[in-house]
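Structures are listed in the sections that come next.
Note that chain A is present in both complexes that follow, paired respectively with chain B and with chain C.
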Partner chain A sequence: MSGAVWSYSENESVSNEVASAAADVAKGASAEPVVLEIGAVRAGVRAPGAKLLLKGPATSDVPPEVAAEAIAKASKQLQPAAILIGATRYGREIASRLAVKLTVGCLSEVSKLSADGNALAGERNAFAGKVVAKVSCALPAIATVKVGYYAAVESAGTAVTESDVGQVNPLVKVVSREKKAAGAVDLRSAKVIVSAGRGVKKKEDLPMLEELAREMHGALGCSRPLSSDLGWLPEEHHIGLTGVTVKPDLYLALGISGQLQHTAGMKDSKVVAAVNTDKDAPIFQASDYGIVGDLYQIVPAIRKALASRR
Partner chain B sequence: MRIAVCVKHAVDETELKIDSGGKPLLSGATSRMSTFDKNAVEEGLRLKAAHQGEVVIFTVGPSDSKKTMKEALAMGADKGVLVTADTTSIDTMRTASLLAAAIKKAGPFDVVLCSEGSSDTYSGQVPPMLGEMLGAAFTGYARKLEVNGQTARVERSLEDSLEVVEAPLPVVASVVSEINEPRYPTLIQIMQAGKKPLEELNGDQLQPAGAYRQASVVSMSAQQSARKHVMIEGSPDEAAAKLVEALIREGVLSK
Partner chain C sequence: MAGLDVGYLAVYLLSLASVAVFGYAILWHARRTSTSIGPGRLLGLGEDEARRLASGDPVFLMHLSIAVGIGLSIANAILDPVMPYVPLLKDAFLVLSVPLIVGLVAAFVWRIQVYFRSKGVEREFKSTASFTSASTFLQLILMLAVALTASELALFWFPSLVIASGLVGVVRNSLVAVYYSRPSVNLVGNFDRPLSAVRTPFNLADVMSGKTDASAISIGAGKISDFDTSQRLTFDSCVEIGACEAACPATAAGRPLSPRVLVRKVSLLAREGGGSADPFTTVGEDELWSCTSCGACMSSCPVSVKHLDVIYDLRRGLVAKGKLDKEKSAMLENLAQNQNPYGFKNATRGDWARGLGVDTLATNPKAEYLYWVGCLSSFDQRAQRIARALSKILKQAGVSFAILGAEEFCVGDPARRLGEEGRYQELAYQNIEKLNSYGVKKIIATCPHCFNALKNEYPQFGGRYEVVHHTQLISDLIKAGRIRVPAEKIQKISVTLHDACYASRYNNVFDEPREILGASVSDVREMGRRKEKTFCCGAGGSNYWYKVPQQRSIAGIRTEEAQKTGAKAIATECPFCLSMFDDTTKVMNTGMDVRDVAEIVAECL
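Right after this comes the complex of A and B.
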């Protein structure tokens, strides 16, 4: 492999993760990792390697349609060997559009990326995490990088080069954007995660779990129905295949059945404990410690046990 | 209004068996409609109820996919187009290009619906690729979709925000599961679905493979997991105290 390995995400912290992936791929190959910025250089993107600023599109807001067009234009000019994009909801669109624009193969949701001769190689979950698949695509190639797998690499200011890609006129117009209910936690760096499932009967009961999380110096996560169907927590709080992947020291699942799509996002936790009223709930198969019981009784009891140790 | 819905016949992960060597037994595995595609079909039926027209189901897959397509027809779709291809060996680009070719052939369509991601591979790539290939507006992760005249208004669910966007028709959209509650077909609908038109096209004839190197799966193995499976007994207070003790012993709880 030779040439550059580009990385991009519209999200600053994911951008740092993808930059680490690009550095991994570049290492061992005679390639150079390059972090893409569109419109403006972001201070929060502290990536290893050089930065390439794509100028032309407006600076404040880069929708996926615009990002894809900008990256495609630069790519036709500069011919990178590989382009890595963070697998966020925007990112999947960017990568897919790029693949079509450039007629280049595209891997999805990959971790453990490397350059393998003339190909980009990696691993991904298949069948809701029941199976691990080794995947590969001949260069030049594109991949969406699984969020939550790579640690950001701290690095000092890097050289910035620029490329003018001109204006892009998207078909899709953003009318408004509204933040979902605030969630200040960063699940990916939390050492302890207390995670809520449909066993929690109403939104008003979440503070009890939040308190427990705080007392354990951890953060509150949830299963998909709580963020998606019920809207009790932002989407970025849900753990699993379609949400975040976490690997805390302790994952405490409360009222979560443990379907494959959920466990796909927490199976690499160091210790897993679960509370569920159903003794046959699959979550117990994915746990080190299990209590068959009602979370409304067990959670207060755990808080009491913690308090008595202080 | 003409509405296309892309529906995948996906391997049922809950039924998938693993052999003694740790390899998934894909040949002979049970498949069924990709979970969230039911929401895409439902949304297509809702658009038809509001605007008249027809709903056409598109599937790329083996002949066995007809089972899944008939389910969509039983829900209320009008007809189906199956593009035969071996979905275990083609990538998202090839899948999208076959869908695009079939949709163009049967088109034009005002709205093309997919789900956010298929339940077996979850790549979320086919829908935006399709938008790009059809030269249509694309908007992903729709949790609400309305069409007024020649404009679609979509509420997109992003990680930390809700975004409202407008796009001119034709539009390709992927939906999330909270957009609706899919209906269950009645027995009569299931019986009638067999009589609805279901066209079959050969993938290689419809559209020869493109001039790029496909992404491929090199090997697969079962996910390894080694957990202790200790069940803690006793009253809530006793169980909680034992759990806290165990977690401190493991060194995962600071006192």
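Right after this comes the complex of A and C.
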């Protein structure tokens, strides 16, 4: 073992965070923290400590299998004590590939990393955050580091050594990159959700609710019949047991009767308001506020009230 | 009299030999699979067939014509030499042959229809050429056997053609010996195994106590050799009759499952690939998840193939491999963390009963009945109305009852049907421990899935109770005059009853809900598929918790049937059916109302 603790992330600011984790581990292992760069040194990576540039790949923007192969080649040559990788989607893929290539253990999504004797130790949330698991793995080891846990420490540029890992061919060729189509929803991160149910009489009425969602800086969701049975909205709008589970700050249920199939997917919303013509609709029991009324009258009224406030 | 004719003698001996080969083949299969085929079993089978005969189902009559036709022609062939001395016997045979010939001709025509339907399904599934030709071959064999038997019976009428008749019989007997001795054994061995009998790969208590060696347990089928002899007998017994495919709601909805194709694929793989073959090379995941466990396939199979034995073990295999998507794994995790499949805090389970004056067993341990509410009626605000309605009825009738409240855990059915046997048994044992500690004797369940598990499955794990479905109890209360619907309160609406699979087909509860409706509404209409032949709502077998690709919804098909009766409302007896039809009746703009039988009665009180 060379006594180095390597850190890497494809994301510059995460890279600085992971470097802090590497510094902690290096202390316990009486080793040196080393920040990895692949293909090229990036200006935004400003963590203290030595940098190791893996030459071979032409740019730093490479597919994960290339990054994993490059790090694996260098690692076989230089024998670091530990390799820490930012637990981004990309980073997780590198780490798992790397663990297989090097046949060493990998701790996933850990924080509070330390090296204790011959083991790499850390903590991770388990059982949906109900307990904290302390995990460890014999060195040499790999870990993916929980993003946002470590503070990034920045300092002036330090020495860069280079290691040539040669040509690495990607398994996948990127043909083109396209942004997700406009209108695609990310209900899980929406703070406000306007949700449509069978009270909406026809597909042509949905734009009215889309407008309302936009005016409330929220996203449009729906109950199962609208997406699965009627196909008025794509499946990604479907909230419920067989769709997505959401927990926005405000959930506005319009014309939704409130079957468990639906409410199981939104029960953790902070505030729930419902509009339904049926005063006995089960949704009212799952709501903080309710209006017994026709959404075709209530929605325009809400929009008018919002407009007057602006 | 052709007694001295050498040709006659040769054919007669040949015919005796072919019957003997058939008999030997049956004995051989029975011994190999340790299946009991003694006179007791045969008598039981006879009674069972007679019961089915009374139902007058034309498809069953055709199948019966084939079996009885073969039996009669064999008897005729054996008895032929003595026939001249017993003219009455010959006449009896002649008379009997007429309806059988009609039945066989009908069966032949029916087979042509089955053939085209099955090929349509195979095209839809893009079945391999080898599968399709193997399937076609077996169907042709069946048609040939039907045609030969019909001709043999027809030849009864021409004494001069006795040699031709004998030869036809020999060919048919040979076919039967080769292709139908195994299904015959399967039928005798399995005809009375109830739908609710789920194979149990291990007993959790025995594993925990060390009585069973945990490392010796194999859960689920990962390869053909994981299926045991009885399962192999069952899937190898399929002779492409196709009744299961016609009855299957998944096939009808255009899902990627036909029970016929599934068992045949596994059987062909076992024959060609041997014990190490991986069933998942030929059976798809969505194919397995498409099953709603409604049992229509098994109850319609004339040779008692147990499709669900195969499906459950393959699902267990998928669970063992961790092949569960987000919805399925979330359901299992909810069961582990919250003791209900929805992820609600179990402490709130009894909240529906607030202000109703319903006791819990903790406060009233002497209550005569435990009302087992079930998760959906506990947490779904719509289904809670069933629980409230039943409470009202029981109070009115003066029935002493209590609920478990937060102490009730999911009965485990969704985990078991999904293939997570361990979690199911964990829940079962936890529930049984509580029930036994309270000394519970009698249980009422509104959910047929809870009802079935408590009644038929829990005894195996040490929970023995007298379990009734709420429709049974309400019907008894009406008959005993403990609740009375006054004439002016009878609802003037037309209602059609949707039988829940787990109440009707699984547990023969179908007269009671009809008696209740008869006493509480003015106009009860019937759908074509009803009672033990009911058509699934699409939620069973854990399907409530996930989606599978389909061309149309199972509940939608059923809603159309309900609409055709002209009824203004659908009566249900299961909270899951209620939930499914609540959606479809609105989506399809039927204007129909959906209510549980208990709600309908409670409204009349």
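Operating definition for what follows: the second predicted complex is superposed on the first by the 172 of 310 C-alpha atoms of A that agree within 3 Å, B and C clash if a C-alpha of one lies under 4 Å from a C-alpha of the other, contacts with A are read in each partner's own complex, and residues count from 1 in each chain.
One rule holds for everything that comes next: contacts are C-beta pairs under 8 Å (C-beta built on N, C-alpha and C of every residue); 3 or more make two chains touch, one makes a residue touch a chain.
Just so you know, these numbers come straight off a predicted model, no measurement behind them.
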item	value
Partner chain in contact with A:D229 - chain B first, chain C second, else both or neither	both
Touching partner for A:V160 - first (chain B), second (chain C), both, neither	neither
Touching partner for A:A286 - first (chain B), second (chain C), both, neither	both
Which superposed partner A:H217 touches (first chain B, second chain C, both, neither)	first
Contacts of A:L260 with chain B and chain C, given as first, second, both or neither	both
First (chain B), second (chain C), both or neither touched by A:V131	first
When both partners are placed on the shared chain, which of chain B and chain C touches more of chain A	B
Contacts of A:A58 with chain B and chain C, given as first, second, both or neither	neither
Contacts of A:L241 with chain B and chain C, given as first, second, both or neither	both
Chain A positions touched by chain B in one structure and by chain C in the second	127-128, 130, 228-229, 241-242, 260, 267, 285-286
Contact footprint of chain B on chain A as seen in their complex	11, 64-65, 87-90, 92-93, 95-97, 99-101, 103-109, 121, 125-138, 141, 144, 171-180, 183, 191-192, 216-217, 228-229, 231, 234-236, 241-242, 249-250, 260, 267, 270-273, 284-294, 297-298, 300-302, 304-306, 309-310
Interfacial residue positions of chain A with respect to chain C in the complex	127-128, 130, 198, 224-225, 228-230, 241-242, 245, 257-261, 263-264, 267, 282-283, 285-286
Touching residues (chain side chain B, partner chain A) in the complex	11, 13-14, 16, 18, 24, 91-93, 96, 116-117, 119-129, 131-133, 136-141, 153, 156-168, 176-178, 210-223, 225, 227-232, 236-237, 239-241, 243-244, 246-248, 250-255
Complex contacts: residues of chain C adjacent to chain A	327, 330, 333, 337, 342-344, 376, 379-384, 544-547, 553, 556, 579, 582-584, 586-587
